[in-house]
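Here the structure is laid out as structure tokens; the discussion comes afterwards.
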Amino acid sequence: MSKEPDLSYKSYLDLGTLLQAQKPLSPAHDEMMFVVLHQTYELWFKLILFELDRVQGVFGNPVVKDSDLRVVSASLSRITDILRLLVRQLDIMETMTPLDFLDFRHVFRSASGFQSMQFRQIEVRLGLQHDARVGYDGKSFENFLPAEDRDALHEVMKKTSLVDQVGNWLSRTPFVEMTGFSFWQSYRQAVMDMLENDRKAIGANTQMPDAAREMELNKLKGMQAQFDLLFGEGEGEPLPWRFDKPALQSALFINLYRDQPALQIPFKILSDLMDVDELMALWRYRHALMAQRMLGTKMGSGGSTGHDYLAATATKHRIFKDLFGISTFLIPRSKLPPLPPHVEASMGFKYWDKP
Amino acid sequence: MSKEPDLSYKSYLDLGTLLQAQKPLSPAHDEMMFVVLHQTYELWFKLILFELDRVQGVFGNPVVKDSDLRVVSASLSRITDILRLLVRQLDIMETMTPLDFLDFRHVFRSASGFQSMQFRQIEVRLGLQHDARVGYDGKSFENFLPAEDRDALHEVMKKTSLVDQVGNWLSRTPFVEMTGFSFWQSYRQAVMDMLENDRKAIGANTQMPDAAREMELNKLKGMQAQFDLLFGEGEGEPLPWRFDKPALQSALFINLYRDQPALQIPFKILSDLMDVDELMALWRYRHALMAQRMLGTKMGSGGSTGHDYLAATATKHRIFKDLFGISTFLIPRSKLPPLPPHVEASMGFKYWDKP
Amino acid sequence: MSKEPDLSYKSYLDLGTLLQAQKPLSPAHDEMMFVVLHQTYELWFKLILFELDRVQGVFGNPVVKDSDLRVVSASLSRITDILRLLVRQLDIMETMTPLDFLDFRHVFRSASGFQSMQFRQIEVRLGLQHDARVGYDGKSFENFLPAEDRDALHEVMKKTSLVDQVGNWLSRTPFVEMTGFSFWQSYRQAVMDMLENDRKAIGANTQMPDAAREMELNKLKGMQAQFDLLFGEGEGEPLPWRFDKPALQSALFINLYRDQPALQIPFKILSDLMDVDELMALWRYRHALMAQRMLGTKMGSGGSTGHDYLAATATKHRIFKDLFGISTFLIPRSKLPPLPPHVEASMGFKYWDKP
Amino acid sequence: MSKEPDLSYKSYLDLGTLLQAQKPLSPAHDEMMFVVLHQTYELWFKLILFELDRVQGVFGNPVVKDSDLRVVSASLSRITDILRLLVRQLDIMETMTPLDFLDFRHVFRSASGFQSMQFRQIEVRLGLQHDARVGYDGKSFENFLPAEDRDALHEVMKKTSLVDQVGNWLSRTPFVEMTGFSFWQSYRQAVMDMLENDRKAIGANTQMPDAAREMELNKLKGMQAQFDLLFGEGEGEPLPWRFDKPALQSALFINLYRDQPALQIPFKILSDLMDVDELMALWRYRHALMAQRMLGTKMGSGGSTGHDYLAATATKHRIFKDLFGISTFLIPRSKLPPLPPHVEASMGFKYWDKP
């Protein structure tokens, strides 16, 4: 059964190589932890990229098969579990005190986590746009990369990112428009009725103090403005979304009718993507707190201002923001237009037709 | 042995009362989770306040006894473990989808987590200052509280907060000035030598491009300015610290010489306090992400703008910031002035004197 | 809009009641933590039971609708997230030292966590059988309950448990037998071929030492015996499973062909159930470790022997064991009989038929 | 400032080597996760060993200096944080389904995690004894190691393990016996009084049913027997402890008087050691659950029976059991003999003597 009888745990994992690759440059005790921790980060980044390959492979197909969606969800779940671990892993970094860090911080010179190519690739492949990036000492982070890395990254940028693939997939969702049914028209009517009723109710409430009434009406006006944008009444101004309208409509449809068999897995996938986005933000934020603890108001290695830069990326480097924005447009289930029977039927499984 | 033979698990925990106190106001399935989750938060808040009682009790003594420090550290560790749980607990909140939330969000009307008196007390007792608070719709959060709660909170504000108690305790630390030894003077000299050496090294490095040299010199200037503030050369301007200078000096001393037996527990306590601060920030930030997910860009209940407000509090409602700032002033151990033997000896245990 | 204008955060959560229900019986500091921690456990138990209501409601229907499966999975995921929190929560218990516990342990007298009726209900409703329970001082745990609790529990036992509901649901899965296709027959043939090939390969390997060959053949014999049981050749002896054979066959089918659209959610539900089982075991085991730490080899309150009893329940009080056992019968995908096209088609969505 | 201007993030972490060391042997998607996960385990094991070096270095000194205890505690805390991560990391393993595992399980042949030399070293260095190990298919695990690994491990076994170093350190603790004070004698008297009082109270309780009285008296007898062993009245039989009596006495002393300044850090260290032990057990137990999920009742790779073997090691491979056992001998603080003033004084800091 075994042509290569000498496979061992050690050779399988290439431990001879792996466990020789820790080369602290100072005698400071905590540098070993620092090296090991960053190496494990990079190993997990490699796996995230590997899982993204599978996810992007499926979404890159002209038609996304239903039977491929389980592995998409499995890979995204794995990525979120990894990100949870990476957030958690900062606990170990924080077993180092600032004074211990000072013992070897000088060895880095201009080297910095900023230069992690795998992390940059994850950002780009998920869909972080070049122009949306927070500046770093007023410069693009690319200035801190060697030319070859910069070029490699530019190649990655040319490919369709996950967020755009997902947008395309959503745009193609059936059901939203079917013979004799326009989700968009029904939904819009429901929204307009809801806003109108709210307006009347406020007017009819004679006991409400004037100040409160004004506040309530202002809130309504704000909601109306957001819906107007969605329904295209505010035409002209650039829309604040990355997804196009058909994609937004589908995402909304999936959120509203998620219990339909054909939408259960798509709904789960949209949730998974929001988890990825949220966990990336959380990791950045914890990273910011850690930097503050280690460095106070000193400059980080690589010249960055540490905490402030990282905290800004947590807030601004969000990729699946449109999916979070969907919540703005949800309406209560009680106001939801019911699906026509033939639409609902089309979202079920064939086997029910069997006698 | 048992005069009251009827004590049972149920009566001990008053489960008859406790398990009747969940009163959802809608038929929406997820409201029960919402109620239970918030109730557990409030139970844990009660315990945090109870542990703060013990911590503040010790620090409220005119002399803080060494033998009382273990319980301080134990209570702070318990608080950090609770906070870690509370951060984690948001995972359960996120098992609710925005559409599920919409099913019962209307029942709250103006009620909001904003009104949690226990949470406000925790903030005030730790030391969050009224003026440092982020405004809420341009108003103080107090406007949203009933008069009696506002008054109760004002009473709490009158007491010395934990951060001020810790500042006082630090100011009184011995060792920093002892016969024949001034930590401050030695440390200042070490800093000045270090900066001077760095300046010379930059000047002597003829291979460094001009742009790089300028950047390095700018960095040095920035550090010099911060040290000048610390050493009081920038006199006149208000200092950017909450601690007074003796407290800062002690905190710095404890960080630098933490291995001395008498400083090991104080050092641990300072770390615990930073953990509390960091975990509060992290909880606020995760809360902000969750609000965005649930509400998109809708207003939160109680009129708040949700995500933005919460994210702002994460960054600005920091209480033990001065302790994080200490890292700015740490100098490498190799440059550290050695302690005179009699100072070092005074930080050891008596039993070593025994024959 | 507001008929009851006085709803506040405090009244909504009934905090007046909730925060008065902590009544430590001793002056020991740590008793408050002990009370709060157990109360939060009970609150979460209440929520688990509430989610089980929904899950069991769906499975209690004569036909389980596909559109109801999402909420089943949502409730099970929520339960697993709660269980993860409950495991984690033991960290807080362990901030108490054994000596601190001793300060108030005497107040319990015969009261014990053993008497948590909600926990007993969770066990019974999931499907823990009376006879499968580990004895407690040689007696059934019921002896330690008041008569009314015992009766209440007996009522719960009369209802169909979740594991049996799931078994029934699995037994009814279509696809396994369809016109012109018998999964069981194809699978059995595949297994037999696989075992036969393995046997030949071992025989043909002339380089294998005799001892190794014998070991390999023994392994094969063990596998053969397990498959014989499954295929019913060992008839007569009682089967070591709780599920009947049709249920086992379906579970196997779902595991093997999980990528088919109609099986993706059922597969997720089976995984969720295993997560529940695993997390219950993990909680019991951590509980056992904690008991050992607190009590050493002393008797626990209520007369139990603490660690050993709890560790035994971790291993023996497993409910969805049959689902774990399915792994025994999986065969490599390469040996898997392909599904006939009409069977595969029946597991897809109707909308693909649309022109 | 920079003689080697080309240090980059990539070269510092040797990423060129590290990220080439993943060599899955099959086309199965999940094998990459399997490789990465095990490699991160091995990196963390390396760090655990590195931290153990520091801990064992300090305890290997003829006199353990108080000023060295902080780093001991810091290293132990880091180890526990790593172990917590390793437990948590199994979540990622469980994103793999049994069927996915089957796709590449055959590539291992006889390779198995069993052969992880670093893990074996951790066990041995902590103090797991050869004879205490659970057999594996009835054989010592060494049979599965190549000769060179076996020899290397034997070398490690020859060195004093951490548990023995700690025992030696405890045996040397001062305070337990000081001029005019014998902790042992006072404690023993307190125990005997306590047991005698309990016996009388049971006798005097005329309302107690006979069965209950007998049970209470049996419990007392059990406690008496354990104390007899401790006090040496059961002489002759081998003691069930690894520590010798002076070490046990010191551990007890430290637990009982932990608030004394000189005992605060030693007490923390004993807690850290128990955390290490508990987390190792927890990791083994989760590993056992995972094995069951992946393999059902199949044999694990390497021929082990998986779940049962691993679950047995969780229970039996405990190293700091004696520290858990200390809880058996704690007595309520109210019964604790007070320390004579000169003993208490000797445990304080010198600086209090200053005028």
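Going in written order, the chains are labelled A, B, C and D, and every chain counts its residues from 1.
We take it that a contact is a pair of C-beta atoms (placed from the backbone, for glycine too) under 8 Å apart; a residue touches a chain by one contact, two chains touch by 3 or more.
Predicted model, so just to flag it, every value in this text is computed and none were measured.
Least-squares overlay of CA atoms from chain C onto chain D yields a rotation of 180° to the nearest 5. When each chain is reduced to the average of its Cα atoms, B sits farthest from chain C. Mean C-alpha positions place chain A and chain B at a centre distance of 29 Å.
Chain B and chain D have centres, each the mean of its CA atoms, that are 32 Å apart. The centroid of the Cα atoms in chain A and the matching centroid in chain D are 40 Å apart.
The set of chain A residues that touch two or more partner chains comprises 1, 71, 258.
Touching chain B in their complex are the following residues of chain D: 1, 66-71, 174-175, 201-202, 205, 208, 216, 258-262, 264-265, 267, 345-351, 353-354. Listing the residues of chain A that touch chain B in their complex gives 97-99, 102-103, 106, 215, 219, 222-223, 226, 255-256, 258, 271, 274, 278, 281-282, 285-286, 289, 292-299, 303, 311, 314-315, 324-333. Those residues of chain B that touch chain C in the shared complex are 1-2, 4-5, 7-15, 17-23, 25, 29, 32-33, 35-36, 38-40, 42-44, 46-47, 50, 54, 71, 74, 77-78, 81-82, 84-85, 88-89, 91-92, 95, 107-118, 146.
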